[in-house]
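Each chain gets a letter, A, B and C, in the order it is written, and its residues are counted from 1.
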Amino acid sequence: MSSAARIHWRSFKWAAWLGWEMDSNWTEPWLFMVYSVIKPIAGAFILVLMYTVFALIGQFRDPDLFSYIYVGNAFFIFVGNTLFGTFQVIQSDREWYQTLRYTYISPISYYTYIVGRAASKVAVAALAVVITLAFGALALGVRFEINLAQLPIFAAAFVLGLFCLVSIGICLAGISFMTAKHTHGLAEGIPGIFYVFCGVLFPLTALPEWAQSVGRGIPLTYWFDLTRRLLLPPNTISTGLGFFNDYEILALLLASSLIFFLMSIGIFKLGEFLARRAGKIDMTTSY
Amino acid sequence: MSTATATSRIPHRVKLNLQAIVGRAYPRVIGANREPSWIFFEAILPLLGIAAYVFIYKALATRALGVILTPTPSAPYGMCGPNPCVDAAQQALFQANSIANTNALIATVVLGGAMVAFWLNVLWSMASQLYWEKEIGNLQLYMMAPMSRMALLGGMAIGGMFMTSVRAITTLVVGILVFTVTLQLGNPLLLLGVFFVTLIALYGMGMMLASLYLLWGREAFNLSALLEEPIFFSSGFYFPVGGFARFGTVGGAMLAFATAIPATLGLDAMRQIIVPGSPSLPIPIPWSQGAYLTPDLEFGLLLVLAVMFLFLARYTLAYLEKLARREGRLTSRHQ
Amino acid sequence: MDFAIETKDLLRIFKPSRKLFKRKNPNGNGAPEGPVTALENVTTQIREGELFGLLGPNGAGKTTLIKILCTLLLPTAGHAYVAGYDVAKDPFPIREKINMVSGGETSGYGLLTTRENIWMFSQFYGVPSKVAKARIDELFKTFGLWDKRDAKVRTLSSGQRQKMNMVRGFVTDPEILFLDEPTLGLDVNASRVIRDYVMGWVRRQKGKTILLTTHYMMEADEMCDRIAIIDHGRILACDTPENLRRGIRKDTTFRLEVDTLKSTSMFTGMRGVKNFSAKNDIANNTTSLTFILEDESPVSDILSSIQSQGSKIHYLQKSEPTLEDVFISMVGRGLE
């Protein structure tokens, strides 16, 4: 291994360990598991109730759209956890543990360190997604239809999707070098952008025309679309992406992921530079 | 101390505590203004969450309208619910109802989305605040000062309420404009009453949680994070909470549990007051057929909750302080 | 009121505590923490108007005592009275009369200015806003913080922060002020200013009392009317600096400077040696030794055991006891 690779590996390994300890250590393992699952299930329940209420008042049942919403929401857990896992690192290390200055001056790659810190959150998200999907299939009658031949393309899409999410997370981390304590606003808001524009809970066609164009510019849109194509039976929903075939969508995902990766490096370095220049690397902003 | 001096000290203590409230509210208000990025993060970004939920209802409505308006051989006038519409008149009526219902649901989302701000503020800036103060080293200075501890929490709550109201109103106004929501203002007095009592009850609950969180330590943060979704869910921020009643015993139990959270009753009452077409799916009263919780009733219940939470907050805080002094942890940093 | 502060047989034990959701054994190998006795049999009386010092090594129990007196911590047993009120039963009237500053604290809100922070704390004591502001300005000028009056707290250096903390202590004009290592992290000039201000504050006004802890002998010696030496939670001696020194004057104090010694264990328990301290000076490759002896007879034993290590003696002097010698004779080790 080259020395640069060694540094990255060391940063990642150490940070992943730290992240896992911090995430899991606060309580008994079983409680940690319950915790990791209750949040997403409760989130899914909001949608179940919204659908039920609409169906009750309007006397209208729409199982296709319900499956669409349910699966989109389940995979969105990855978005929430990965983004939160990456950009929360700077906030919590700086404001809360006040260790950022010491980590930052140590000989590691801080970029990789952040990725490592997010690793455990991604792992936990995977578990929650599986449980949410299983719950949907068993208790709520969501029908899945998986074609084994498409497994490789599913796996490829999955990896690219995560890669892309981590890149976006690092962009945010770069920004949060400069901002005050707004973790919660951010935690709510940034995933919100994807929630709205990426056709997670409703087809892109429900959005106004300009917003649909925004959605087509975000790689996650393709990720969600492809994932649903591969998991759910054919349906009558017009997604606004029907004119692409699966491979074209995969290619789009690849291209946009690379762009986000390069952006993440740029923004991170810039944020870091600006923060150092402004003396904000280790500020605390509590009020 | 003689009774004479005891009574003469009351105004002094009142003055002291009022000063303390102002003192503690000050950093909340001023601090947020010093860091203007909060407006973007805390008032504009939440609109996205609202938008997502609004579009779900819109997507559902688009498909529902499609079914109502699309003639098929077996249903020449489209479908009116599970059955074909009898004639064009019934179809038009059904269509109008569907549109009105969707608008009411969208209004519910906008209202709930604005009120979410308060709940988040209670969770993240009230409930976990004492713990946070401990970590910065402020808590022991507070504990050593002569003002009432409730004044301290009260100051935090008032500062938080003020700032959050700004955020919530921004969200509400922008939400109403962007999603062209129609609201009615039939009973403004009751609306204001419900709003303020809800806030008092909610922040009272936050004050109580603040002490409990301090007892539980670092776990508290995970608890706050854990509570977010279940509470959005059970309090019905994005749908009429009465919908639970359609889920049999489990739903009934959920509903009973949810009404103990001030936000639930407050939201339901405000929804009934300002959303035209309400009450659709109000909260039924289990022991009397056909009766449901009206806004007046909910206002009364909220009053009870407010008093109860303030009382509990005071009690837990006193307990906490006693424990902290006895065990020598809790109030000082990193312990 | 007889005493500003009075304690009777004060005992404080810290028991390890279990938390609600805490994992039983985070690392799987942590030995259970035993209870710590932080204070034992502490009986003192501090008069109104006194500047009283607590001197002791790390972990002696100084901060614990201050916390009990500040109503932050309850005694496990025994009694403590501040301004005539029992700390356990009557904390509120005490709080109106006291304030506390501890060295190195990082209190305050990063987004507020220094003045706003202090003002906020003054409001918790019911100081009228106008009065508070005037006092703050005056104290800022005194402590050399005037040009930082509108700076955000997060931009302060640690010494400036400490000065701000001192302002927080004085702004409420308490009757009794607790200072836990007040000059921690301050440069020579700033410490000088603070020491002078503190002494002036107690002596100029009637009815003011200060309890102060420090690790600096000179500071204690110069400032305090009386000093208590505390170690392992016990008060070993309590008197004026002058009397403390006189107390060991019948003992003999010797100072030596020798080539660096590998070990000093042979002095422990040597006949006639009451206590000693050793400090290595790496730059000059020497060890400085201070011995408190019952009389001069052990000197020859000491010298021969130094020589048996092959170490040369650079310097030997019999001297007047300092406060540091008092400390060494009681605690068994030096402070610096």
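Please note the rule applied: contacts are C-beta pairs under 8 Å (C-beta built on N, C-alpha and C of every residue); 3 or more make two chains touch, one makes a residue touch a chain.
Model, not experiment: these values are computed from the prediction.
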Measuring from the mean of all protein Cα atoms shown, which chain centre lies nearest?
-> B
Skim through the chains and flag the pair connected by the most C-beta pairs in contact.
-> A-B
For chain A paired with chain B, centre-to-centre distance based on mean C-alpha positions, whole Å | 27
Centre-of-Cα separation between chain C and chain B, whole angstrom | 49
At what distance in angstrom does the C-alpha mean of chain C lie from that of chain A?
-> 52
Which residues of chain B are in contact with two or more other chains?
-> 27, 30-31, 34-35, 136, 219
Touching two or more other chains - residue numbers and ranges from chain A = 26-27, 180, 284-287
Touching two or more other chains - residues of chain C | 21-22, 109, 111-112
Over in the complex, which chain B residues touch chain C? Could you list them?
-> 12, 15-16, 19-20, 22-24, 26-27, 30-31, 34-35, 136-138, 140-147, 152, 215-217, 219, 324-329, 331-332
Contacting residues of chain B [partner chain A, same complex] = 27-28, 30-32, 34-35, 37-38, 40-42, 44-49, 51-53, 55-64, 67, 80-82, 97-98, 101-102, 105, 120, 124, 132, 135-136, 218-219, 222, 225-226, 228-230, 232-233, 236-240, 243-244, 246-247, 280-281
What part of chain C is in contact with chain B in the complex they form?
-> 12, 14-15, 17, 19-22, 64, 67, 70-74, 92, 95-96, 98-100, 105-109, 111-112, 116, 119-127, 129, 152, 168
In the complex, go through chain A and note every residue touching chain B.
-> 26-27, 35, 38-40, 42-43, 45-47, 49-54, 56-60, 62, 65, 69, 96, 179-180, 182, 184-186, 188-190, 192-193, 195-196, 200-203, 206-207, 284-287
